[in-house]
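Next come two complexes, and both contain subunit A; in the first it sits with subunit B, in the second with subunit C.
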Partner chain A sequence: MDTHIIELISTAGHVQWSLTIPQYFFFTGVSAAAFLISSLTYVFNNKTYEPIAGLSLIVAFTVLLAAPLNLIADLGQPGRFYSLFYHLHATSPMSWGVFLLTSYPILISLEMLFVFRAGFARRAAKSAGILRSIYTLLALGDTEVTPVTRERDHRIGRILGTIGIPAALAVHGYTGYILGVVRARPLWHTSLMPVIFLISAMVSGVALMIWLTALMVRDKNGKIPWNILDGLGILLVWSIVGDLTLRLLWYSIGFAYSFGIFQDALPYVFKTHFTESVVLEIGLCLSFPLVVALFGPLRRIRPLFLFSSLLAICGVWLFRWDTVIGGQEWPKISAGLAEYIPPLWGQTGIMEVVSNWAIWIVFFLGLTWIMPWRSEPTAESDLASGINVESAAVTAKGAM
Partner chain B sequence: MDKTRRNIIKAAGLLTSLGVFGLGYRFTLKGVAKGWWAGEKPPHKIFGNALEPEYSVDPKTGSVKPNNNQYISNTVCMGCVSLCGVRLRVDKKTGKVLRVAGNPYHTLAADLVLPYETPIKESLTKLSRHDEDGLGHRATACGRGNAVLAKLYDPYRVLVPLKRVGPRNSGKFRPIDFEKLVAETVEGGSLFAGEEHVEGLRKIRDIKTPIDPSQPELGPKANQLAVLAGFKEGRLPLMKRFGVNSFGSINFTGHRGNCGLSMRAGYAAFLGDWKKYPHTKPDFKNTKFLLNIGTAPANAGNPFQRQGKLVAKGRSDGDLRYVVVDPVLTNSDCLAASDRVKWIPIKPGTDSAFIMAMTRWILENKKYNEGFLRVPGAKAAEKAGEPSWSNATHLVVTAKDHPLSGHFLREPHLNGKEVGKGAAFIVIDDQSGKPTSNKISQSANIFYTGTVNIGGKEVEVKTSMQLLLESSQRHTLAEYSEFCGVPVKTIIETADQFTSYGRQAVVDFHGGTMHANGFYTAYGAAVLNSMVGNLNWKGGASSGGGRYPDFGKGPRYNFMKFPGHVKPKGVRISRSKFPYEKTTEFKIKK
Partner chain C sequence: MDKSRRNFIKGLGATATSLALINTTEQALASSEDVEKGAVWGMVIDLRKCIGCQACTVACSTENQIPVGKFRTIVSTYEVERSGVPRRINLPRLCNHCKKPACTQVCPTQATKKRADGIVVVDNTVCIGCGYCIQACPYEARFINPLTRTADKCTFCLHRLEAGLYPACVETCVGEARIFGNFNDPQSEVSRLVSQYPVGVLKKAMGTGPMVYYIGLDESLSSRIQGEAVISPAGTPSDEEESI
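And now, the complex of A and B:
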């Protein structure tokens, strides 16, 4: 007997959080992950990732500029977004988010100013006119580059970076928190949600950095720095293992021991959305990149490695989609399941997500153009020649 | 790649991306540009285009401030047969009813009802935030109650007498004077152009001359007036007083077969009362398991709001679980209701297969309430503390060639006497093991197949319960499942659940048996109630608790008593309450 439910009169049960919300969650996740990668160098003094530390910081900053635009698009009255700033609800995670989304980018931009100060100082020294004034301003008025200033910049950068780590965790963790607190959505209601979001954000952030490193960073010989990419690959492995472990905990406890409604909801997600949630998300986009990144011989087939990293990015996006949209398809009061097919155009259409990526590209290209993020000359060379313009130029040219 | 080329590519990428952004975000940007109101700006920035409140109450002092543009009118809704109390808001200037809400004085509209003595002003405070009283005293009108307001302003509402001016079904009418309406109805005449002469009420009103002397059962000429009334909104008895008791026509049709007759017949068979056609309702407040066949709880059998509230309360705060067996899933179940509610989809009109499958499983697995079923009669029931008893133990003559075949065996049958009113039924007494009167036996055999000596001959008999078992065994569960489309597993689960709550389980089928085999479905479902012995038990099937008389002898007038009161005679035109086989028409046609 066909028991497929067709609702003629439905009292409610629409998907309220549109396509833009997975995109928002995705970008804040990438921001948090990229910030953590930059902190490996700026806070923990790791030398391996130094060449991509500045780039990571720019990524963390730029995706966070693009991410809140999704929230504005999702509003029925987009012109009212600013009212969130003067309506503080101390007990609402959404209200916390407003202040996290404001303070965190300020923190990153301050950190950028200090970690890129030496670079701006060098540019100020070799340029003239208005450009010189701008670079001097960006170098915080101090065009000197000495071991003392370097030490000071590192110190302040480290302090800001240290403050930034919990902020980065919070700015993405709160999105998972928002879902976790909703008791009426069985699929979301788990304490694990913020952690799952953070770990899967690491997957997407690391995978995106693999691609950006391959595109933007070159070593002294003008080659793609595969050693860094291999390091990121191992980071990707750990992130995926963490992600899969948390998923296993979430699904198994939820399915076997949680409240009845979850036990109904989970098989629904896996059955109805089998292709997206199992075949594509867990299979192709998580397990496959795990295998490729884990085994050296596979990882060294570079196109395969890059392709699997791309899949990992897609997989995390798909996870956001499956969770946010899938969670809302399970009805609160109507009999059947809600269906959601996003429109192509419109305030919350597919093109909005494409455009959101586009504005990120604008921010990213703009900032990588302006910011002196590429590998800096060593302290010794600075000492030898005061400001080593040539060395910086050579490095820059080598990277082109 | 040299630096310039790279920069050109970057710039191109940057500009393209900017373009894509503008294209995709134009809707959002447009919305932002419009400022606070992206859409139409309503009259009020918070309340939108909602009506002005009819009054306001200071939440601290409880003082009421009326809205001088509106007045409040407590009345009764006629949207359905529930007749809930409603509170109307009326525009003082136009006299137009603006909105319908619940009447806080009315049991069907409010859970915590206000005493009738409460002044109106105080009632408004009780509905407000003052002392948070409004939560408890909240009075509601249902969706239909709100929508029925549209009837009042329906452009097709008939407000003056209309007379047909074209041929029948032409839909052509014109308004006529009320005096003319009375004159034409009473005096008759050539009322419709080109049509035959119409007899007026004056001429028809003849309670002596038969309509047709060859068919005397049709009664006097007065029966040629047929009165079609609406429903019990208070004026029905007045219509009856005119048509039946004054005019003398038997042809007065109230509710009857228009609605739920199969359900009522099923209950009449079950409760053994073919005169009043009573029916039972689930004790929504106390029941723990409610099996709804062909209906949803509170979706049939008024009062809907009250039942709905009890079901909602039971489902959320109480222990109520319910199952809805229906081809259509109504709002009675949803996935969020979790395991408190279950919808069992079924093929339309096959509910009796589902019921008989349940019956078979319950009987074969001995899940029935044996103590109740063994009680053979009223006296035994009284002694056993049972508010009712069943005929499970009563013997039925099953010998095919016997003249009593298919009949209950009565005490006079045994000694060759005439069966009178109230004659005892014969059961096989548990103690003596012998055929005994159900007025004497305290407990009797429910599954008996054997012989009883009737008039010196051993005749085969069986108990009703045995016959029910055999009847249910005419098909296997798999066959029943094939008929109704419900899996065997689900049938067994439902039967098991239904018999797991003692007497706090009940089957309801009000409104869901309107198919050709509706009587059997209704009867079968009612019998399920006797399997758990829940009749008039707390949480079981309750018979009505009585009502206030809406007509008759009052403190000042007695509308039912007047000079010339007529008791109409004859067979109804609908043949209801009269065996058709006994009419002359039947005899002629035969």
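And now, the complex of A and C:
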């Protein structure tokens, strides 16, 4: 029987989580990805990415300082955010997030102290006055740089990095979990959501590191280290392939075999939001960078490679937007669609996101200035430059 | 208007008021006793009796001082056309005070809780306004109150229950379509109605176990409405600032 319904009066479905939430999800994702890139060196001892390992760690730390500000901005009662620390709820993923967002930056900062300790010790040796005291403090009071201390720092850094890998996965995985548990929203409710978030986070994190490496890292000849960028390009390929595969699984099972509510909601993604979610997100921002990063000749057209990496960053942001905002535009009871156009100003406006990026840039530039993240000199160069030569020699003897 | 006519209207008004008072008295609850017996509150809405007058919507908003544009309860109204025959259907909506509420499960601060008597409440001194419960509720029964900036929803007029009165919507319902009572009491009217009539709940597939039952629920309206929307009294999000 053909039924036609006209809704005359009903409650309107509103978009409750604003623009700041995709921004929060994006930044935590970048943090997790950047941490994993740093772990390639600090945990898995991969020498290829060593010149950007410290930088990645700083990115992981700084975006995670800026990210929670978005959450606070989105609260109805921002002044009560601290109550999350003592009003706990074991069944709420948001409650778990409080501990992840607190412990993870502490863990990264501890790791930074150990992996950068030798650098701080060197700076302390070369500085005077209050700066020397600060660097000595950052070097944990131990200004010696010897093979033994290097080994100790490396070992502790490795332990912290190893603990940090599941923490990084959890700190972003939980954001996908936040959405995945909401069964009232068909476009969120999938067990794949935490994994999709993690893999797409790898896309954004790797692409951002491609840009930061091109901007900030130089090899011995003062040139952009294209070998590292090529390596990151391959990582980008794998991440995009993973992302597209998971999307395929999600959409195909959901559309063809899932409950009616999902089957109803999915065409909305591909029809109403065709331009954003298909043309821009999957086409221009995922498939195009995939092709460029996959084929060497295209990848070696460096401006094209950098441009496609920028598109990949935008694409992941757009995915967060399409998921968080798009998922809410599909009403739970009402007919039609909810509309959402973010305001320019205000607590949850476009300028909040712009200022959040600005805050991150300030944190990032500040920490890259303070932290000795550039490639560490070898023990030989330490000896040559006369830093703690005696103690180094003594300790080296002792170690033998 | 002549004097006799005026007196008649006055008399009519007085009679109506007296009847309303008698009705209220009859319906008044012995809440403290019921609570002691382990009452589980719920509602049955007899859609055959609902005329879509929105008196419940107005009574609720007035009783609970709900800001304009936000609703703890509303009568959704639909024109349903089947085989060329149009029919108007009213569907009062409110918090379902579910047996397994999705909203309380995700609240990060436990500001929203299900009481022993089945009523789901929000402590707006603890709520941080994160909106997670609003996302989790399958019934769009929650909103951020622009005045308190915390989550808000129907409480079955808890303050009235504690005073031995029915919820405002129940008391004001012209057709007595809303029946409120204790589901733990097999003699209560709600228990009797649920056992005597085929009843339905909204979005049964969500598995939340609503405690608001409907008599005469049209299956096509029990889930998300697949049709076209004409107007919404709640307005668009951009109207929110003006509605405060």
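Quick notes on this one:
By our rule, the second predicted complex is superposed on the first by the 371 of 400 C-alpha atoms of A that agree within 3 Å, B and C clash if a C-alpha of one lies under 4 Å from a C-alpha of the other, contacts with A are read in each partner's own complex, and residues count from 1 in each chain.
By definition in this document, contacts are C-beta pairs under 8 Å (C-beta built on N, C-alpha and C of every residue); 3 or more make two chains touch, one makes a residue touch a chain.
Everything numeric here is computed off the predicted structure, so don't read it as measured data.
Three-chain overlay on subunit A, with subunit B and subunit C in a clash. Of the two partner chains, subunit B is the only one that A:362 touches; subunit C does not reach it. Of the two partner chains placed by superposition, A:166 touches none, neither subunit B nor subunit C. Look at A:84: by the touch rule set out above, it reaches subunit C but stays clear of subunit B. Using the contact criterion defined above for the overlaid structures, shared-chain residue A:333 touches subunit B and also reaches subunit C. Look at A:261: by the touch rule set out above, it reaches both subunit B and subunit C. Legend: residue contacts after superposition of the two complexes on their common chain; A:14 is shown touching subunit C, with no touch to subunit B. Of the two partner chains placed by superposition, subunit B and subunit C are both touched by A:76.
Within the superposed three-chain model, A:147 lies out of touch with both subunit B and subunit C [touch as defined at top]. In the superposition on chain A, no contact is made by A:283 with either subunit B or subunit C. Shared contact residues of subunit A, touching subunit B in one structure and subunit C in the other: 1, 3, 5, 11, 75-77, 80-81, 184, 259, 261, 264, 331-335. Residues 1, 3, 5, 11, 69, 72-73, 75-81, 184, 259-261, 264, 330-335, 337, 345-347, 349, 351-356, 358-359, 361-362, 365-366, 369, 397, 400 of subunit A touch subunit B in their complex. Per the touch definition, subunit A reaches subunit C in the complex via residues 1-17, 71, 74-77, 80-81, 83-84, 87-89, 91-95, 97-98, 178, 181-185, 259, 261, 264, 328, 331-336, 338-341.
Per the touch definition, subunit C reaches subunit A in the complex via residues 71, 74-83, 93, 102, 105-111, 126-132, 134-140, 143-144, 149-151, 202-203, 205-206, 220-221, 223-238. Contacts from subunit B toward subunit A in the complex involve residues 1-3, 6, 10, 13-14, 16-25, 27-28, 31-39, 329, 331, 333-336, 338-339, 343, 345, 347, 485-486.
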